[in-house]
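Notes for the one structure printed next.
Chain IDs A, B, C and D follow the sequence of writing; residue 1 opens each chain.
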């Protein structure tokens, strides 16, 4: 079996900012932690890419050899090149899987794929309990009825996204809010999973259930096929005369 | 304009049980309170029906003259006649609207329409905040981003229902749970709305936002047409030769 | 009751092109025909706008006073200003309804709202039969089980759109193809309806069932409320301490 | 890897009826043909069961050792025991996969799971072209944009089912109708796939694309987990004090 080629993309600025809490939690960047736990899965080959690499680490060659792109961004969405966003959209529509994490909700690529503002309610420093409301979905495989995130940024409704194709997880926040925390979307030949947990200041990506969900999601968004060439509108002869 | 003919069905046992808290909250039964606030809408003509009336108050004549049936039941689901459930299902598939309230989630008619167990997690005595996650839906018309129910029974996920066609409200409970609190389903020529608030021991149906949601839902499930005669499978000649 | 303010937007080039068949079918432009039949509905106030007007006829003032925007475009999608597309998207997310007709599937605004390529299979000169597969939906009100379009351009699957929230109509084409011909989407506070019939060379918008569907759709996408001001991400205090 | 245990259930009456065309097409019954092609997949262990076996071949022991139940029935739906239908429903809600083929649309188990009449339009002797409208779905893996069924019974809209969770295939019929031919549904912890092709008088289950779809569907509905014991409504202490 060929391995699923995952590219974990991280903005990777906060972790390097003087005195930013995230540098303590993820000294080498959260992408490294994610790539590492994914690599324990023999079916996955994970690499990383970051904003400040040339082409954000997302050359055509990298994109063409990526089955699943994972996206974490937060404070510098605007610095992502429009041209690269367009290329990513094109790959997704041809089959590449996309997993968007936490504050990636406001990334250019997610907003482009959704067509909506992707705005939400937020507040730092809360506690979350993630409930599963679609236990038959492969992304929920091995996940209990709920799991806890001791410290997390609150993300609350109204979350301006299209109605998800599958609503798998719902988040409960101690401060009084709820959120659609795990959502799937089919777009073109590709699949997308949005997963809310993962504020950079707390060690969320070390939590086993969070890792399990992300691992499951890689398998779920992994395409069974990818289109080559340009997308186009066929203009065939009539099949029936 | 013809009025929407609503039949508010209530089990109406708890309110009459010696010492049951609900008798204090709804001395004449919660159906009366619901029918009353609906009657303030000039477009609605509401009547009531209860379990202990002959045919549970749901004769063929009543059903044939009901545009929207509202259902509240709790402790005596099993006493509802299978034959009448079948007749209700038939009417819904031909267009009649159905609104199921709170513990009606486990009624025969709701379970028949859903095809699932409709089981859920529950606990008496909690506080709820109801969030709107589909503000463009007519049932959410005039409802703020959230509203509160000071005392409510907790209903929590996993709620075993089919994926709703519209998820309009999500419930947050102080005790730590979340719930899909306002859900629509299209079935045949009919529409169904499930709304979670309304434990009989608390004055939930006096809350303005709860009344507004139910009032909106009556208009939304009200059929634009209803089929006559038996449902059948047409066996026509080919349209094209 | 206030009237629904509809702006019927048309590219309005083909009808004016020397020798183009559409000029015979719609001498004053298809937008005029649509606005005219809508105006028979006392609840609707229809006006028109076209590509070659200043700002394409879509000034801020027009957009702010439009409840429902209807869009027909075909050969000159690229000439629509990106800035105006952005303004339309913003209005939709705040509540304005959008109805996209036929070749508008490839307009900038529809592709922006969908996030996909919106490509499809096509062939000129076919016959269509439109089947209703969601008779309980208000847009299907008064529409028979199927209706015919004697001459229509074939639009066939795969149609690269997000899974619709409601699939109301399915198109059958004599040449051998099928299509999701009537689809709804909820986006932000707004509603969108895509309706496939309406090739400019055939008198499709004179067909009573087509007119009825479009008329129904105006009522369905008409917002119950519209947001003012900028869309933003609230950052409130905790509701529970 | 453990094999997926599939039980292919067939009414198996038509094939044994004097002079019935299906006996020529499927001399040993269509379940045998299906079980045979599935058995070429090393990940699948297929067995069969039929109406006239004791308990219809569906003892508790068989059901408890079935990961995926496939259902073909047509003329004798009423002879299926209500008690066994109830047991199947219970297993599906706990995780067992269900694949319903062709005229199984009117089986007791499918109607129970759907909650609707499952009626449709029909006519013997037509030609079908099956179009894929969700190419990103695993059930569409390896299936071309469309495939043909030279002879098939026409099944047409309106098909009275709940809105599918995924609409994967749409059927075009030469006689002028369309149909939602491949549909998924999540129910409880289980998954359901309905697939329209397979009239018993024509050699439909020998067509490679039909076999591929059914094979894919077995993998898709195969549960990642199954619940033991009785389904129940948990009544826990508050998680938050």
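The definition used in the following text is that a residue touches a chain if its C-beta (ideal position, glycine included) is under 8 Å from a C-beta of that chain, and two chains touch if they have at least 3 such contacts.
Here the structure is a predicted model, which means the values were calculated and not measured.
With contact taken as defined at the outset, chain C and chain D are each touched by A, B. Taking each chain's centre as the mean of its C-alpha atoms, the one that lies farthest from the centre of chain C is D.
Between the Cα centres of chain A and chain D there is a gap of 34 Å. Chain A and chain B have CA centres that are 37 Å apart. For chain A, the set of residues touching two or more other chains reads 129, 134-135, 163, 165-166, 174, 176-177, 186-188, 239-240. Looking at the complex, you find that chain D touches chain A at residues 95, 129, 134-138, 141-142, 165-166, 174, 186-191, 223-225, 239-240.
Considering their complex, residues 89, 93, 112-117, 119-123, 126, 154, 160, 162-163, 165, 174-177, 185-188, 231-240 of chain A touch chain C. The residues of chain D lying in touch with chain C in their complex are 129, 131-135, 145, 156-159, 163, 166-167, 170-173, 176-178, 180.
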